[in-house]
Each structure stands twice: as C-alpha cells, then as structure tokens.
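Before anything else, here is the set of structures, which you'll find just below.
Across the two complexes that follow, chain A remains constant while its partner is chain B and subsequently chain C.
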Partner chain A sequence: MSQSRPRRVHRFPSNNTWMRLRGLMRKEALQIVRDPSSIAIAFLIPVLLLLLFGYGISLDAEHVPVGLVVEQPTHLTAEFTASFFHSRYFLPISFDSMTAAEEALREHRVNAIVRLREPFGKQISAGAVAPVQVIVNGSDANTARLIIGYVEGATARWLERLVREGRTRPLPIAIEPRIWFNAEVRSRNFLVPGLVAVIMTLIGALLTALVMAREWERGTMEALMTTPVTANDILLGKIIPYFFLGTGGMVLSVVMAIGLFDVPFRGSFWVLALAGGIFLSVALGMGLLISVLAKNQFVAAQAAIIVTFLPAFLLSGFLFDIGSMPPLIQGITYIFAARYFVEILQSAFLAGTIWPLFIPNLIALLIMAGLFLGLCRFIFRKRLE
Partner chain B sequence: MWVRIQALMIKEFLALLKDKKTRTVILIPPMVQLLVFGYAATFDLNHIPFALYNEDAGPWGRHMAEAIQGSPHFDLVARISHEADMAPLIDLRKALVIVRIGQHFSRRIAHGEPADMQVLVDGRNSNTALLALNYLRTIVQQFIAQIDEPGQSVALPVKLEVRAWFNPNLESRWFFIPGIVGSLTMIVALLVTALSVAREREQGTFDQLLVTPLRPTEILIGKTVPGFLIGLLEATVIIALARWWFEIPLVGNLVSLYCGLAVFLLSGLGVGLMISSLAVTQQQGLLGVFVFMVPAILLSGFATPIANMPSPVQYLTFLNPMRYFMIVVRGIFLEDMPVDMLLWQLWPMAVIGLIALSFAGWLFRHRLY
Partner chain C sequence: MFAPNLAMSPSSEPAPHQTDSSAEIQDIVLTFHDVSKSFVSGHRVIHALTRVSFTVRRGTVTGIIGPDGAGKTTLMRLAATLLRPDQGHISVLGMDTQREAAAIYGQIGYMPQRFGLYEDLTVQENLDLYADLHGLDHDHRSARYRQLMVMTGLEPFTRRLAGQLSGGMKQKLGLACSLLGTPPLLLLDEPTVGVDPLSRRELWTIVDRLVREEGTSVVLTTSYIEEAERCPDVLILHEGTILGRAHPSTFKREIEGRVYQIHSSAVHKRLIHATLTDRPEVVDAMVQGESVRLVLRDPHPETLAAIVPAIPQLSIAPVPPRLEDWFIVKLRQQASQPAVRSQLKPLTASQTSLSPAPRAPVIQVRHAQRRFGDFYAVHDVSFDVLSGEIFGLLGPNGAGKSTTFRMLCGLLPPSGGHLTVAGVDLRRARSAARQRIGYMSQKFSLYRDLSVRENLRFFSSAYGLRGDRRRERNNWALDQFGLRPFADAVSGELPLGYKQRLALACALMHEPDILFLDEPTSGVDPLARREFWHRILELAGRGVTIMVTTHVLEEAEYCDRIAIMAHGRLLTLGTPDEIKRRARTVECPTPSLEDAFVYLIHTERRQAVVS
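Presenting the complex of A and B:
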C-alpha cells in the first residue's frame, strides 16, 4: 500500500511540522529585525506610556488655588482660615470682595471660593450655627468633589482644635475610616497596575494587526500558500515570535511598576506570569483577527486604533468603576479582555493572591484566547479555499 | 492649480470612502463610541455595595444603618455578625465598604459621648474609595444634625453651604462627554491622514504623485481638505449627540465652538500627515499614531486634571493641541467662555498645526526612499 503512495508523503513525516514552523518563525524574526518598528512597539511603548502615566496621571489634587473672602476678620476667622493655610491641598489666595473672587473663579485662577460672612465671629461666639459659603467650579465634577471633601476636612481639623481647647463639645459620631490595600490612598498605586493591561492591549494588537494583512497586500501570502506549510503553521509562525516580544514588554512594564513607581506587589509572580501569558495570547489573537478580517493594512490599522486604546482605557475598570456604569454598558465591558486582566492585576499588586477572584477571570481570559485564535484559524482557512 | 487640487481631492475622498471597510471603520465607530463611553466615563458612584456589621443593640445603631440604606448611593449587600466575615467580603469585591457600628454606640450617644463608627473601604481603586468615604461623611453629618437637640449647644458650629457653578449637580458626565468629543475628533483626524502618505509610499504611488505637476503645497491641500470635511461632519454629529442625547448644556455659542473645532482639526490633521510622511511603511505609521495619540489624550486633561501633574509634565502638555481644545470644548459647552479666553487657546493650536503641516509638506520631497 505504502509503496503506491506518492513519495512526497514520505518526505514530510509528521515531525516536520516543527521544521516548517521554525522556518516561518525565522522569516518573521528577520522581518522584525529589519523593520525595527515592531521592537519599538514592544519596548518603547511600555516605557513611554508607563513614564507618562506614572508621572503624568494622578487623581490626587494638591495645592488647589482657593479664594478666601473674609468679610470681617477677627481672631475666630483667622483660626478658621489657618487650617487652609496649613493644608498641602490648598493654595489659599485672599480676596477683599466677593466680586473680585468671583471674577477669579470665572477666569479659572481659583477653583473654589470659601466665604466667611460678616457675622461669622459673632455667631460662633454666641454658639449659633455659622454658615460658610463654598462655591466650586463644577466643570470638572470630580475635582470639585475632591475640593469639597478637602474643605470639609479643613473644617473638621479646625473643629478638633476647638474641641481640644474645650470650646465646643465633641461631635456625637466620629467616623474612623480604614482604607485597605492602599492605606495612603495613592492613586498611582491603583492606576499603574491597571495600566499594564492597557499597555499590553495596545502592544498585542499593534504587533499582530498588520502581519497577515501585509502578506495579502504584498502578494506574499499566495507565495506562502504554494509551499507545503499549513494554515496552522502560518498562524503559529505569526504568533510565537510576537508572543516572545510581547512577554519582554510585559516584564519590562511590571519591573518598572514595582521598581520605579514603588507600587507594592503582594501577590505571586507565578500567578501574574500565568495571567499575563493568557492575556497576551488574547491581545495577540485580537490583533491577528483584525489582520485576517481586514485583508489590507490600511483598514487593519484603522480598526486597531479604534478597538484598542479607548475601550481598554474607559471600559476596563482601569480608571472608571464598572459597578457604576449602566447595566447595558456593564454588559459590554465583558467582551473586552482588559477588564479581566485589570481585575487580576489590581488585586495581585495591592491585595495578594485571591483565588476565588482570580479563577473566574482566568477562565474568562482562557475562553477569549480560545475564541480569538479559533476564529482566526476558521476565517483564515475559509479565505485560503 | 485649482483643477489639479480638485482632482487630488476627489481621489482622496474616493480612497477614504469608496472601500466599504474603510468607510465603515471611519464613519460608524466614533458615534457608537460616544454612546458607549458617554455612559461608561463617570466618577459618580451609585449603588455602592456595602455590608453592615452592627454590634449595637440600641436604637441609634439601627437609625444610623437606616440612614445609610436610605441613601440612593448605597446598596446593602450583606449583614454580618462576625469580625472574620469582613475580610472575604472586601477581598472578593462583594462589598466596597463595610460599616461597623460598635457595641456601645447607642449608649455613648445617649450619654453625650462621642460614639465611633468604623468604616472599612477597599482601596484598590483609590478614587472610588475616597468618593465612597465622602458620601458616607455627608450622610453622617446629616444624621448628626438630626440628633442635635434644640436648646443644647450645637455640635457643629459651622455649616458648609456648597454651590457649584457651571454644573450645579456635579455630574461628572458633563465633564467627560465634551472631553470624549475632543478625543474622538482627534482620532478621526488621525484615521484619515496618518496612514494615507505611508500607504502611498509603501505601494509606490507616492513617487508617481511627485512626478505629476502637483507641488507639495498642492498635495498638502489635496490631502488635508477631505479629512477636514469628514472630521467636521463627524464632529457635528458627535456634538449633536452630546447636546441632544446626553443633554449636556451647550451654553456658549456655536461660532466659537466651530472656530475652535476648525483650528483643532487642522492641527490634528497636520500631526497626522506629519506622522504619515515620516513613516516608510504603514506599520511605522500605525506606531506613530499610537506614540502620538495615547499621550495626547492622557496629557490633555481629558480624564485627570493637568494641574495634578508634576511641573515638567505640565510644560510638556503645552505641545499637545488637545490640551487647548479640551479647555475650549468644555468652556463652550459648560461656561460660555469669553472670546479673549478662546483666542488664548486658539493661537497655540494654530501654530502647532501650521508647523506640522509645513513639516509634512517639506517631507514629501525630502524623504525619498
């Protein structure tokens, strides 16, 4: 029987898959080296973004310019305003009149006005409630909220002093807040881990979004198809080299997060490596899927720009709390892999290894990896026929 | 000269709009994204999951718990009675906040002693943690005001009367949606320009363009105008959605908004063409887009205020055209920005746009490989 078969079959025994794959990977590696933009994507982008984000993005407002209007200065008003001058959150600027202060608020020279009306001293001495007027610029609602919180804090400190000196009785209820995992409430500790997911989404898609489209566009795909390589060989040959490149970028990001930005790492590196590997497969798979679907680089690049950065930035829970989004939008977040990885990263960095939280996220990532890579194979095979 | 530019413009329009995939990619996503992101981008918390650990047997503990449950911001997810139950709730993100009311809470309030209330917050998202804590503080303060008995000396001698200008309910959507309008406009400008020259170079058609009688300035105009018109059209749709779908007040005037938009588009298209002319392959063009776009959006004040950045980074933001447009678009949507303030934001964008465009034009002829 075997003698009647064509000789070709004998020349390509099963272990030659590896040989074919090696050849394709070597070709891909050469292409990477010759157009260094892939290497730049893997290493330059993480460094650039982590530096910019790590230093540039902060939700902790400090030295907020605040206008103070004191209509009749007394020692009581001076005590009150002192708590603003001693706070690192405020940069107080005194104004003589409300009109001047309001103009400054309109021109964005101050972010808020705190006004003590004329009878403030009298009211406090008489044991009545003295109203304090606070006007904030609400355009940036988040900063406005923070400022209101800071003003409340400064008032509370002034009150503590009065209580200490026995001039008023203590508040009936004292809140004793304890913030877990991030006791000093540094926004960087929560932003940098999530950032790793945003960056890896970009890198994964950027690395592979053009690789298949490029072969179609240049006509080299037809050339590849005349060789004995199979569809699987081509896809694996595209993914494996970029997987290594992406791993390099990921390691770099994690090292920078811990080494440069002093974000505590309380979980296990093995778990992080596992999650990172699966996530990278999803990100590369997504890029490859774009590439297989688009067939030309122009469309592939445009699709990559649209589906990667802003969704990973806004819908992953990296910055905005998913629980506060409307249910429909929460549903949409489930289709973005970054969401699962962000959850794992934030916990792995700040809280430690929490398996009941990690396992569902890891399973979701595995399913997505399987889905993307499976779709790539399915569509690519259809294209070949 | 006009005929030549016209011919090039028609060709560019066809390149962008004739291919069905390109057309879909350019026209549909910005609108869908505004709708999705408009709802996603908010720092307002509602339904904060909280757990209650009430050790107090008296009435005040119950009243306090009811006050928190009654708030629209908090949802009770669990009542616990053992200290050991607290950690898993926070660890697994079942609860963001745990309120623990101590054993002697009611007795202390009755005796006029300060009663303490422990609050545990999940700090993995530090912003959410701080906001949740602030909401809780407000509830407690209102509660204190309620239990203050008349006749007795008041516990809180001052009362903050807070008013917010331009956004009275402090809805963070009013802040983010104008920002999304800016970001999406920038992305459209980059989509239509950043790969166009790179693609022609990679396919060799750019050399053909250079041997035609078209001069670099004419190529520049021919490549900019179609992108400008597409960008203007999309921005108009996005602005209309922001105004009528999300009901963001548009208090400033439209002429100022469109002046700002035109200058901003010009600078975005200029940077896009510059990236495109620097790139030899589309892969490099794509890399260029990300290297510009991601920092441009992050350092524009879109999500986090520029004032929070360290001062070297703040200086860096002066190079970013989006920084100026964010001020313009928010100023006009929410504040009715006066014309002199508008002009101060317009001229740097115009300078950036002109430099980028002229550099792109220069590169057409001086980068020949």
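Presenting the complex of A and C:
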C-alpha cells in the first residue's frame, strides 16, 4: 500500500558507528545465550575443568604401593620399615624374597621396591655406610622422582631419630627443608591458578575462532560485508562480547579457586584483572586471526586447539614445570602467551605482587596482544578473498 | 590504473559509459567492463569469468541465467564489492567497486545464496540487526518494518526464530533484510534455489512490486531458465562468458518455427522420444506429459515429415519456443560436451510397450504416517507405484515429501501404516529392502577426495559386489557413463555434469529394481539434464522403477504419474496432463505444470483457511 517512492532515510555517520556496534553486540549476546555449544564452551567446560583439577587430578603421590624386602629382620630394620607403614605416601607390602618383589614390580602391583640387604643392622650399629637399594618403576618419570624423594625423606627422618637417640654417629650435615609459597605442597594450589589461563584461552581463542568461522560458513559474513559496517565494527563486535565472557570465565575461576578449593590469594586483584585483560586480548586476537585465515569451523577448531589450547595446557608451566623441560622446548614456550600469564597467576595467588617478575611478563603479553590484534586488523578486509 | 586497461583491449568495443551521453550515464546502475576473474582450486585454475562486459539500466529486473559453475555467483560478488576483479573494472551506481567500495555499501541491497540470516535470532531480531547495520534511524524503522512484513507476508511470524522458518519464508526474510535501507540497487544471488514453485512465484511478485513502486533496480541470478522469462532483460552466462543478452522474446524469435509437440495415442511417448532423439535433424527432444517436445535444427516442416514416419494417430502441433530451447540450440552449436548416448543400447518396441500390460505394483504405500512429536510430517498417505513407472513426488517445502521419500528408502521408520518396497515390508526388513534400491541425491553423496575409480570401487563393495562381478560393474560404469577419461581424476574437481553421472553410476552399481532420485538435476546445465533423463527413460524402459522428488517442474514432465503433497497429505495424483487439466481455469485455459502446481496448492491453502 505504499504510495510514491519512499524518502531516503537520513544517515548520521557519527552516531551510526555506535548503532552498528551495538547491533552487532546485541546479536552476539543473543547468539551466545541461545546456542548451547557456546554456553558449554564458556561455562560448562570451565566448571568441569576446575572440578577435575581441583578435586580429581593431583600431582602428589599418595598411597603408592611399595614392596619391602628385608633380608635379615632385626629391631633396627623393623623401625625403618615402620616409618613406611606410618606414612600416608606409601602403601607398603612386604615380600620374602627379591624375586617375588621384582615380579610384583613387573606386574605393576608395586611402583617401587625398597630392599635392606642382609648386614643392614650390623653396619648401622657400627656406624658404617649401610646401603638401601631402591628400585623404581621409571615409566612415569614424575611419580618415580616423587617416590625417590619420599624414600630419601623417610630415610633421613629415621636416621635423624637414631642420631638423636645416640644410637649411631651424628651425620656431618643435616638438611632442614622449608617450603615457601605452598607450605603444604598441595599441587592444587598451583594447578588451579594456572587453570585460569587455560579457561580464558578456551573462551578467548577457541570459542571466538568458532563463532567467527561460523559466520563465514553460514554465509552471514557475506551479508554483513555488503552493509555499511566497517572491518573495525565487525572485529570489535566480536571482541567486546567475548571479552566480557572471558572476564566472566576468569571471575568464575578465581572465585572457585579461592572459595571452593581454598587456594590462597596473596597478590592484588587489580594486578590480576590487568594481566587477565591483556591476556584475554591476546587470546581474542589469536582466535580472530585463526578464523580470518581458516573460515571453516572444523579447521578453525583444530587450529585453535593446536596453537592455543594445547600450548596453554602443556607448555605454559601450568601442568609441567618449564625449568625441567629440554632447552629446545623451553625456547618454544616463549612464543606462547599462556606461559607469561601462568607465571603471573601462580605468583599472584601464592607469592603476592612481585613487580620485577610481573613487569617483563606483562610487557611480553602486551606485545603479543598488539601483534595479534594488529595482524588481525591488517589481514581482515571486507572481501571474500 | 584505468587508462592502461583500456589500451590493453583495443579490439573490444569502447566502454559503454564513455560513449553514452550523460543522461544515459545517470540511467546506468551497474557496469562491467572487460572483467575477468579466476580462482585456484586444488590443481586447477578455474576461470570463473572471462572478459565480461555489460551494463544494467535503472528500474528494471535483469536476470542472469546460467547453470551452476557458469560464474553467476562470482559476478554477483564482484558487483557487491566482495571480490576484486583480476582484470577490468566494475562500477555500481557510478562508483568504482575498488576505489569507492565504502560508499557503495549503503546503496546496495545484497542477498547471498543462503540468505545471510542468523538462524538463532528471531525474525524481528534479524530485522533489528540489519536496520542497525544500515544505520536506519529509529523514527523511520517501524514504518519500514511494517511495509516489508506486509509485503513478504511474514507479519504473523516476527517472533519466530529464523532457523525455524520454511525455505520460502527464509528467502523472504533475507530479502526483507536486504531491503531495509531502501537500496536503489538490489542484488539477489540465486534467491529461488531449493525453494518450491509457489514460494518462487511469491518472490517474483515482491520483486515486480519493488521495481514498480520503489523504482528499485534488481539484478538476480538463477539456474531455473524458465524463470528468466519473467525478466524483461536476460543475460545468459555459460562457462564464464556471456552467450547472449536480450529480451526473452528476442531469443525466442530466433528459433521460431522450429519447436513442435508430437503426440500419438497409439505409440508410447517414450518410444517416440527414443526414435527421435538421436536424429541429426533434431536438436532437442524431451518428454512433456503425454507428448514429446521437439526442437529442430532447421525451420522446415518438411524435415519433420521426413523424420517422423508412419506413426499411427499422430498429431504434430507447432508450439511457441521457450528460452530454454534457445539455450539448448546455442549449447549444441558450441558442442563442448560430446554426447555419450551412442553407447546406449537402442530400445525395442517391446521394451517400451505401446499399451503397457497391467504391471505389478513395486511400491505400496497404505495409510503411511510419520510423526515427529505432536507434528504429523506425513498423515495418512496411500499410493502405488508400478514396475517400470516413473513416479514424481512434488510439493512445497515442508509438505512431507522428503519424509515420505526417506521412509521408502528405509532411512526412517514409519510411525504407522503399511509400506512395502519390492515386496519387502519396511517395518520389518528395512535392510533387505535397501539391497533392492538405489539412491541418488542432487547433493551427490560422493567422496570428493576419492578418484572416480575409487568411488566406484567403494560403492560397489558397499553393495556387496566382489571379484569378477565387481570388476565387471566398475568397467560397465566407466564405459556407460563416459567416465573412463576421468577414471583417475579426483571426483571433487569434476565438472558438475560428470559428478552427476558418477553419482548415478554409483547408485546403479548393484542393478537395483527401484531408483530413488532426490532433486537429481537442479543446477546442472540443460544439456546435462537432457542426458540424465535420457538415461532415466532408458532405465524405466528396462523395467526399473523410478521415484523422483524435485522442485524443477521440467523434471516432473518426464514422470508417468505425479503425486502432489501438501501439509503431510496427498493432494492429488495423476499423469502430468491430468493434473494440468485439473487446474484449468478461465484465466488460464492451458496451464503449465507449474501453473497447475501453484493453482492446486493455492486452492488447498484457501480451503484450509475456510475450514
């Protein structure tokens, strides 16, 4: 029923940028709320990871089955083995012969064998060196090292008592370890803070890469590009909503870490927020960059997992100590942003605000954020080529 | 940048906008000048467009017609500034697409192939988004929304998610979104693909209204050649070059006097078709209902008499040519594709029996039902398909034909009723039934990364063929379908027509009794479609039962009988000619099958509203 030609609608360029951006952000918010897979990646997976690392996975060795072989039991050897029976780290099983113990080790019924040779008691009493043979299943190097450490610790404590009671000559040196920052040596205390980096990578890089690739795949990007939106509008229209979502992920993780898992927080929340914001920008930049290059959800997901998520897991120092990696791998960790952020996170939680440590890490993150976002803006054109 | 380009093409005509008077420049909304564009795909370089030049005038509808792969989408994306030409230049509303792209965006409406809708947003939210992006101020919005919703008939559905709309409604919403900014130029890329004939007509009504009432210039692409007849200005694109550009009547005039319809009540249409189709004098022969439509090489009635000897009770009538006839003539002249039909065995009269003896039903459907929750996708449908029959299942999107089809293929169990295929009850032995059927879909369910030979080998082993038998069938497929030269080519890189041949070969590996065709030829060029149906007619002549579902009504003309479904029920069943007769009205005394389809669906909807 329209009459003549409708009048052309007046356009006000300055207001329009805001109008376009608001439109894009509102669309993004509605999509996040309505798409179950976005919700899953943004909330469900983080909560699962937190529960898994908070409760399930622990790098502490506890109740490790250990075979004990005592060739000539005396009251001294009984005292020695008693320290194993009283430890929560071990689950000792006594064997009559070395052969039986070795068989148990091969069949994985025990993870280690502690063997006291025949003249053990005599040698101790005489003040001579009494060797304790420890055989450890080295296939899991981490656990193996822990077992050796515990056995040494148990032996040392036992010896100390002997010396105190004057039953043997004093040792020339006694080590009195004090563990700082994580006095209880709970692995949860450094795993959960590191997990914040993994979760933010998940939201910032993986989810962003996926939703952007979806726009290419479904042809909506094509339609967007022929409207007056600018490349900046499109990129900001993704960055801002997912920045908020990522911040939500960080707050959730921090609240769960402190409230549920009793991880101490000794640093400043402001510094954490600053570092989190910069790290999130890096993750968003990488996610957008991947989707600009891949334009396909399958490839984007693969790429995001390989270049962002897995490094955040494996090469960030969150799960495995960077210092104990081979030099080449140590070198590689420097190109992943998660490394810098995990360092900040772990010290912010466990040590407090240490500026000399924070500043180089923050600078590295800032450079990476600038690099990825800039590269993204440089490559992203309103073209399909 | 501009001058050297011109200097490089001294042989071509000077750019139109340079010679035309300034008044005419005002009148031109789109100019392509000597534009080329190519892409690299795998090992091949695809020349999507080669030195294309044309102009489009204000206030008309220009239809760009061509089969898939002709370069239509590339052309539209170039015009929408989404691609950069390798060579030449393009101007939209007087602005260069490379230098002034930013100014163009606000002035064009562009609807990409999948409509560019956000499926998890409602109709209203999609409109709001695009209104924001176009910078529409809030005072003018509600009026424009109302106007567009009334025009598209989407007013009752504004709160529905776009993903839950039917194909036709999505297409209209996509159109509404691209029209929000009241663009002087509207670019629609294949707006009618995969959409039922009724929705296609509704779209055309909207487009006509836009041109008339808002003075919009519309450029659209389509692979349905019959649609182009509605455009006053048609540009025919084939393999990246322009084959012709004129008013449809100009094209048709070129072949006037060469098109005939032949009918005999004594001889079966398929036999007439088979005898005539290989004659050198005949450019094109196709089955159309009970008759055969013929396009001759020369406009001499004597040739006709010479090639149609001694068929009793014959009636020959000259009929007006169609745009597609012209296209076929032109393509045959170019003859880039050699026909492979000479390898097919000729049919004998007994095979295409003149008055078919009462044949046994191969597919029986009795009170079939299929529910999805509370929704009846198929409700009490019954029909029989006889052996050797070509049976078409038509209907608008969401009518339940795909569901029926899937039940018959044994892919979906029925919720009620009785379905047998080749004597096998589908509720009990679905896998046994699947051994007897072949299935081919327009999406060509081939492994794109495998070679032709590997695909054949895979499908033959999937159907349980082994040893010599498998080798024999693989060779048969390579020879029969002219695929031997491409045996080691990666199937994803084959031209569309060859992909279609391969898909059909794969479906026929195990010599099924029944062949299911799901939109088998939409998008392929008319020559490939002719060739495809030539094979199908031959298969039917050998007693293979063919069941086809399609939106291309030309395909429906090949059917012996057609069932039209709507809202999960069977609306009508009969031969194409019977169905046309049922739709005869005062305004439309000789309806085409499409007219009949639209009329019947319309009548049904009106009755549904009344009751």
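Some observations on this one:
The criterion applied here is as follows: the second predicted complex is superposed on the first by the 361 of 385 C-alpha atoms of A that agree within 3 Å, B and C clash if a C-alpha of one lies under 4 Å from a C-alpha of the other, contacts with A are read in each partner's own complex, and residues count from 1 in each chain.
Going forward, a residue touches a chain if its C-beta (ideal position, glycine included) is under 8 Å from a C-beta of that chain, and two chains touch if they have at least 3 such contacts.
Fair warning: this is a prediction, and the values are worked out from it, not measured in the lab.
Shared-chain residue A:Q346: touches chain B; no touch with chain C.
By the touch criterion stated above, A:A301 is placed in contact with chain B alone, chain C being left untouched. When the two structures are aligned on the shared chain, A:F53 is found in touch with chain B, with no touch to chain C.
By the touch criterion defined above, A:D35 lies against chain B and chain C together after alignment on the C-alpha atoms of chain A.
Looking at the shared chain after the overlay, A:Q133 reaches chain B, while chain C stays out of its contact range. Taking chain B and chain C in turn and counting the residues of chain A each one touches, the greater count comes from B. Within the superposed three-chain model, A:A223 lies in touch with chain C and out of touch with chain B [touch as defined at top]. Of the two partner chains placed by the overlay, neither chain B nor chain C lies in contact with A:M98. In the superposition on chain A, chain A positions 35 are in contact with chain B in one complex as well as with chain C in the other.
Residue ranges of chain A in contact with chain C, taken from their complex: 1-2, 5-6, 8-13, 15-16, 19-20, 22-24, 26-27, 30-31, 34-35, 218-220, 222-230, 382-385. Across the interface of their complex, chain A is touched by residues 19, 21-22, 25-26, 29, 33, 36-37, 39-49, 64, 90-93, 96, 109, 112-131, 133-134, 136-137, 140, 143-144, 147-148, 153-168, 170-172, 174-175, 183, 187, 190-191, 195, 199, 202, 281-287, 289-291, 293-295, 297-299, 303-305, 307-310, 313, 330-331, 334-335, 341 of chain B.
Every residue of chain C that touches chain A in the complex is listed here, in rising order: 77, 80-84, 101-102, 105-106, 108-121, 125, 128-137, 140, 144, 147, 150, 174, 177-178, 181-182, 187, 213-215. The touching residues of chain A, counted against chain B in their complex, run 35, 37-38, 40-41, 44-45, 48-49, 52-53, 55-62, 64, 80, 105-107, 123-124, 127-146, 148-149, 151-152, 155, 159, 162, 168-183, 185-187, 189-190, 202, 206, 209-210, 214, 294, 296-299, 301-306, 309-310, 313-315, 317, 319-321, 323-326, 328-329, 332-333, 343, 346-347, 350-351, 354, 356-357.
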